[in-house]
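Each of the two complexes below includes subunit A, the first together with subunit B, the second together with subunit C.
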Partner chain A sequence: MVCCITLLVLLGVPLLHNGYYENLFRGILMFAAMALGWNIIGGYTGYVSFGNVVFFGIGTYVSGVLSLHGIQNVWIAIPCAAVIAAVFAAILGVPILRLRGHYFGIATLGIALATQEIVANIEPLGGGTGITLQQAAWFSQYYYAMWLVCALSLLATWLIARSKLGYALVAIRENEDAASVLGINTTAYKVGAWAISATMPAAAGAVFAFSNGYIDPSVGFDVDYNVFPIVMVILGGMGTVAGPVVGAFLLTAINETLWNRYPQVHTLFFGVAIVLVVLFLPRGLLYVFGRSGGWRGFLKSLTAYRV
Partner chain B sequence: MSGSLSVRDVGMRFGGLAALDGVSFDVAPGAIVGLIGPNGSGKTTLMNVISGVYKPSAGSVEYAGRRIADVPTYEVCKLGIARTFQIVKPFAGLTVLENVAVGAMYGREGKRRATAASFERARELLDIVGLARVSARPASDLTIPDRKRLEVAKALALDPEVLLLDEVMAGLNASEVHEALGLLRAVNARGVTLIVVEHLMKAIMSISQSLVVLAEGKKIAEGPPEEVTASPAVIQAYLGARYTERRKRSRNGGETA
Partner chain C sequence: MELILQTLVNGILAGGILAVVALGFSLVWGIMNIINLAHGAFVMLGAYLAYVLFSAYHIDPFASVPIAFVVMFAFGYLIQRFVINFVVRAPILTTFLLTFGLSLLIVNVALLVFHGDAKAVTTVYSGSNFSIGPIVVPWVKLWTLIVALGITAAMQLFLGRTREGRAIRAMALDIGAAQLSGVRVARLYAIVFGLGAGLAGAAGVLLSLSYPLNPSMGDPFIIKAFVVCVLGGLGSVEGALVGGIVYGIIEAFGSQFISTGLPDAIALVVLLFVLIVRPTGIMGKATA
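Presenting the complex of A and B:
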């Protein structure tokens, strides 16, 4: 509810005609969409992926390639990016989602690094020098596009959490053997979850490529874009609908504040902040404020994790 | 209704250890078969083979004309075979109600059930097994006997034709065992075949129509309960002489068992 109102309010940001705010909030919406994507596979299904930046990268390059072929339209790029990333995730998922737990995480990390190298060596994709995109005159459309991507990702998460699919994913997270005995084709559902999870960062990447105006392998496959969404989901609450969005807001706010105050050492403080989040809020803020948690639950989780 | 289950020369090796060796028996539709034997005799391994969790290294299990080993684990419950686990496997982070609802969503009748109908079915089953009072609690909060009840409710949510029960009565007190037996008889009365693994002899004798006895991975006896428990091989391998004496005494007019 609070989340929906916030989203509606955010629709008004471009009306302020303030470039800084528009950029800032477009960034938050982008991270929120990426975090929502990661939450489907990492939060609901319990398979921690260190490679979801690949899908963001694919999204940026879909926009880049379309732009090279004279299609400078972000609204066409968004669905193309989502579909291509989902297909890519499904093809990769069939072999690596047979792996359980940590092995999946390691495999995704390998894929993230490999894909960046491969893209850097494909000449039609600009190789290491990248692609410059033609931006539209009405720049705020990229803000609205990012808003739409984030809103649809949130809506999709909300629908999944209430559906049979959502229960299958959570059952896999809680006990994969038991899920399989209860009739859930675990490999198929894991692949499906990863494909859905891929569409959100890909769509965000497609918009980012246009709003940034330039992409290359180090922009599209930036390590920050791999790590930030994961921390955002942990901060907000894994396996919750609104958690990733809350996390995206807070982490960006922390990052901005530190960057403004302590430009030289902000990454150090930011790193410390991430460690504190993981130590003190392993189940996320929404758990602390949620019905099942509360401060007592928070203290219990502290002792449980032996901090 | 349910088909017949046949276990044919099933062998299961783990490295050099033969956990099961040439085990064969048939279970007629609607029967209640007790599976007994000492610890480590292969009862749980056999349950795992029948429910498709393990593929047997020799022989086969067939149900209604299909080889279980050819069916993926998640399809076995759709054939109509459901089981409980001796080491219970609840979805700890979900509520008790949600645990059972997941079974109703993906079991034999799952395709025909929407989310709301699955929750409705789960509520009915929690009433039946006596867990309605804790339906909104996380499954991780349950006591051991309640976790056993939850296992039974989850298995029933799959709408099974054959239900494999692996020590669901362990840890229950006398009146709870009595209730559990009543529940199992009621389930059986609706046409569900039961295969029951249990150490509690009193319970297994009172419910089973026939017994299969395993020792060191081999079947050493099969037949009506009274006959099987009188067999010298079974007494030596599992029951012990004292059990037989006690039973004789109680049958000859004593009240103790």
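Presenting the complex of A and C:
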């Protein structure tokens, strides 16, 4: 509820005619969409992907290629990026999602790095030098596009969490073998979850390519963009609808403040932030402020996993 | 033919360092079930330690190997005892992210201290080599391989013959039973993590002899170490050694005959191939 109102209020940001705020909030919406995407596979299904930036990268390159062919329209790029990323995820998902735990995590990280290398070696995609995109005169449309991507991602998550699909994913997370015995086609559900989770960062990437005006392999497949969304989901709360959005707001706000004041050491602070979040908020803020958690839950979660 | 032989030799020579990096990674993974994403940062610290000792105190890098091992052991011990230990039994995502955060922290501190420009350790014997027929072997790389084999043998003796080593192997088999027999898990976990960091540091020193140094030089080694562990079979010293050398050869041939720009793609292909064809690794035992 609070989330919906906040989202509606954010629709008004371009009316301020302030470039700084528009950029800032477009960034928050972008990370929120990426975090929501990760949350489907990592939070609900329990498969820790360390390579979801690959879908963001695919999204940026779909926009780039469309732009090279004279289609400079972000509204066409968004659905194209989502569909291509979903197909890519489904094809890769069949072998990759058979791996569990660490193996899945490293394999996805490998996919992200390998895709970046391969893209850098394909000359029609600009190779290492990248692609410059033609931006539209009405720049605020990219803000509205990002808002739409984020809103649709949030809506999709809300619908999934209440559907049979959502319950099946949680069952897979809690005990995959038991879920399989109960008649859930785990492979189909996992691949479906990964394909859905791929659409959100891809759509965000498609918009980002236009708003940024330039892409290359290190922008599209930025390693930081791999990890930011995961930390946001943890900070907000894994496997919750609103958690990723809350996390995206908080972390981007913190990051932005640090970037402004201490540009030299801001990545260092990000490392510290990750360590602190993991050590002190392993279940996320929504848990601490929720009914089942509270202070007692917070203190209990601090000592739950030590030897 | 000459090119193939030369590539093979290059691969074997490079494989020694990979084996030492992977051995530390494999210990931590096999015994504590932690994928240490800061392992590459530890390698980098070892290399910079050799650089500082060499440029400020004129200590030969080969003599820095034991120093780096001890310093990094202490560093790893403290990190495990006072940071990772709090979440060591948490789901894998927690330790994944925690070690990633530590890596980011260490690399950025190194960036502040040493700046981003590439540095090199150039000794008097750096450029010298000898040849057997048409094949050229740099002395530094040969000695690096010999030291790497020595470190591996020493680890094998430690794990096989000492009280701590036996306790560590017992923990890998059955942690509950080990605990009941009086193994102090928290202390031994710290020792294992220290050994992992120490081996990474030693490998970093060896690396500094042949490669330029920069704060993010260790990052590619995380994926490589993982692939070597999968290739050789997790949790065994021989596995890390064989996996390291086999991977060194694969990488040498890949960069010679396919492309130098695709190391991660090659690693991924090897990883997926091994996981599908022989999930227990070359040296691993087949499980029922």
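Here are some notes:
Everything that follows uses one rule, which is that the second predicted complex is superposed on the first by the 305 of 307 C-alpha atoms of A that agree within 3 Å, B and C clash if a C-alpha of one lies under 4 Å from a C-alpha of the other, contacts with A are read in each partner's own complex, and residues count from 1 in each chain.
To be clear about the criterion, a residue touches a chain if its C-beta (ideal position, glycine included) is under 8 Å from a C-beta of that chain, and two chains touch if they have at least 3 such contacts.
Remember, predicted model here, so these are calculated numbers, not experimental data.
In the superposition on chain A, contact of A:Pro95 is made with subunit C only, not with subunit B. By the touch criterion defined above, A:Val170 lies against subunit B but remains apart from subunit C after alignment on the C-alpha atoms of chain A.
In the superposition on chain A, A:Ile234 makes contact with subunit C only, not with subunit B. Of the two partners subunit B and subunit C, more subunit A residues are in touch with C. Of the two partner chains, subunit B is the only one that A:Ile184 touches; subunit C does not reach it.
Once the two complexes are laid over each other on the shared chain, residue contacts for A:Leu250 go to neither subunit B nor subunit C. Across the complex, subunit A meets subunit C through its residues 42, 48, 50, 95, 99, 101-103, 105-107, 109-111, 113-114, 116-118, 120-121, 227, 230-231, 234, 264-265, 267-268, 270-275, 278-279, 282, 302-307.
On subunit C, the positions that touch subunit A within their shared complex are 29, 35, 83, 85-90, 92-94, 96-98, 100-106, 108-109, 112, 185-186, 189, 223, 226, 230, 259, 261-265, 267-269, 271-272, 275-276. Listing the residues of subunit A that touch subunit B in their complex gives 162-164, 167-168, 170-171, 173-175, 177-186, 292.
Of all the residues in subunit B, the ones that touch subunit A in their complex are 51, 53, 72-78, 83, 85, 89-94, 98, 101-103, 105-108, 110, 114-115, 118, 138, 154, 157-158.
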